[in-house]
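Got a structure here, written out as structure tokens. Questions coming.
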Amino acid sequence: MPVRAPFDFTTLTVTDVSRHFGRRKALNRVTFTCEAGHIIGLLGPNGAGKSTLLSILATLASPTLGVVRYGGTTAREAGPAIRARLGALGHDLYLYPELTARENLRFFARLYEVDDAAGRVEAALTRAGLADRGDDLVSGFSRGMRQKLALERALLHGPRLVLLDEPFTGLDDAATQALVARLVALKQEGVIVLLTTHDLDVVDGLLDQVLVLQNGRLVTDERQPATGLRARFRRVLAGEAR
Amino acid sequence: MLKRLFVPALFVAAVMLAVSPLLVARAPLETTMGLVQKIFYYHVPSAMVMFLAAFVCGIASAVYLFGRRPGADRVAVAAAEVVVLFGIIVLVTGPLWARKAWGVWWQWDARLTSTLVLWMIFNAYLLLRKYGGPGSDRLAAGVALFGMANVPFVYWSVNVWRTLHPKTSVVMTLDPAMRPAFWWCVTAFVCLFLAVLAARVRLEEERTRLEELYLQLDD
Amino acid sequence: MAAPGTLRRFLATAWLITRKDITVEWRSREIIYTTVFFAASCILVFAFGFVKDGRPIDDVASAILWIAIAFSGTLALGRTFERERYNETLQALMLAPADRPAIYAGKLAGILLLMLAVEAVLVPLVALLFQAPLFRQPVLLVALLGSGTLGYAAVGTLFAAMLVRARSRDVLLPVLLYPITIPVIIAGVRGTAAAMAPDGGEMARAWVSMLVFFDVVFLTLSLWTFEAVMTE
């Protein structure tokens, strides 16, 4: 196999993406662009199509219509190499509760074939604040601890695009602050962070771009949004018409 | 192409099926079995169509799975329903004959059993499509592909296990006087198959179009 | 296509997944214990139907053995993938840049080990309870069990994996799996019966070769279709 430069990109372009389930349009002609070094908030009421969009961006589903480009390349053209540049954290955290924290990280480090797996695993454990609990089973962890571990699991291979589904759920104040700091650090490394959240107070001032989905349509795409997100989007997020 | 076939195929099938009882009645009586053998003129063509439809469904599913062509999926689901439909004809006419010829309604014989297994596979395919939820059309395509690949294995294994049914070579060694009626019926059934398949594919296309219209209405 | 490096990576990924499954199962032993007990219960239920005047009817031991294998195999498949579904970890595996057929192969090897472990308990139990000379031709018996279980698990792993995102998956798995694996069941039952008969060696070998052929065809098909059925 010829040695190729690892696949990379600095923009994410979503063009006219629709996803239909029979008569239902989970996504309806969604178009936007994201850039490296930005934190993008994907907001919207339940059932607006956020999860569907995340799974399309994660290459787990393909759009019915439209195209997603990572840099200039579609997922299909890039093949499995694209997945080495993606990190995703689902609502269900993607961890094996029967394994220890260290085993979970090691398993995924090997699966992603990262260099210096052992070093990265230890660094990740330290960042998650679990250095002394690395050999404990994940099933014994609190939601907050699992959440931190799951995030470091998703970042283990140094992805360019990070997709986080409700990462603030179940975190206490200290953990929330730690997560915000971690996201800012990622942003400075030039990562595209796309996250969904209901907690607008926490992400106020943190986001570089706000996308609002409603009934599968992108109703707002705002760069460098002013603070006071909650006041502006409260009604949309409650599922009311604008 | 299927769409244009519908009218001529239906016409030919209707005329040929209408005439077929005359030909079947005129064909000579089989010496040992007598009148019951006549069911063979409808039973065997149905079985042929059933296997043909299973093959069409398997190929269409492979095209859908790897080529991502939605049209192929419509052909696959139509063909699967034809398998089940003609399977019912085979599985009803077979025992009617068996009762007379063997004295029992059902025998665990090679051909009967493999037909039943094939019929079950395509029922499972339809069940998956109906109850599997969104995305199950792709899963069902995988099942159809496996079902098709399975036919020779089922056939071989059941064959070694048990054989009672008249050999397929019956068709080749048929009394020359019976041949015209038999091949007449085969042609009629194949035309009927094409007509039913075309109608069912067309229905599926209309349904897709309806879904698209609903989607546009939404905009 | 298969450069030596590619094959090595394939095997490394598959082994990684199998080893993870073994570790997880070793910690809880949930699936192995419940499946063995379930298989034993199947045998008990069958005994009431197939033992007459205190003696089992002819050839019934091989039938009971293979039905118990098929039923407990479904249970093991369902439980294994329920575990991957619980925290959406199957999605995490699909997200990794690893070769997807290698992920299939890893899961298959785990299921296979589990089923063979259950069989290690089941075979002596059936031999004992039904006075069956199962060990008359031990090599043939092992060949039948090995090739039959591989064929069953190859189809079962693919179906169970793809049903993870379907509704009614619990009932759909046996509905899809049993008709497709009929040749395995026939070959297993008849082959084992032949291996127990005094002069059935040749017949049993014929069944083994059919099973091997089945394995080759369906393993190839599964590896080939896994990626296609796993992406929406």
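By letter and in written order, the chains are A, B and C; residue numbering begins at 1 in each of them.
As a working rule, a residue touches a chain if its C-beta (ideal position, glycine included) is under 8 Å from a C-beta of that chain, and two chains touch if they have at least 3 such contacts.
Source: prediction; values computed, not measured.
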Pair joined by more contacting C-beta pairs (B-C or A-B): B-C
Per-chain Cα centre nearest the global Cα centre, belonging to chain: C
Reference chain C; chain at largest CA-centroid distance: A
Gap in Å, rounded to a whole number, between the CA centres of chain C and chain A: 37
Chain B-chain C separation of Cα centroids, rounded to whole Å: 31
Where chain A and chain B are represented by their mean Cα positions, the distance between them in whole Å: 49
Residue numbers of chain C (touch at least two other chains): 232
Set of chain B residues in contact with two or more other chains: none
Residue numbers on chain A that touch chain C, as the complex places them: 1, 55, 58-62, 80-84, 86, 88, 90-99, 103, 107-108, 110-113, 137
Residues on chain B engaged by chain A in the complex (per definition of touch): 134, 211, 214-215, 218-219
In the complex with chain A, residue positions of chain C that touch it: 3, 5-6, 9, 12-13, 16-17, 20, 23-24, 27-28, 86-89, 91-100, 231-232
Contact set on chain B toward chain C in their complex: 65-66, 117, 120-121, 124, 127-128, 131-133, 135-136, 138-139, 141-143, 145-147, 149-150, 153-154, 156-158, 160-161
Chain B-touching residues of chain C, taken from the complex the two chains share: 155, 158-159, 162-163, 165-168, 172, 175-176, 179-180, 182-183, 186-187, 190, 206, 210, 213-214, 217-218, 221, 225, 228-229, 232
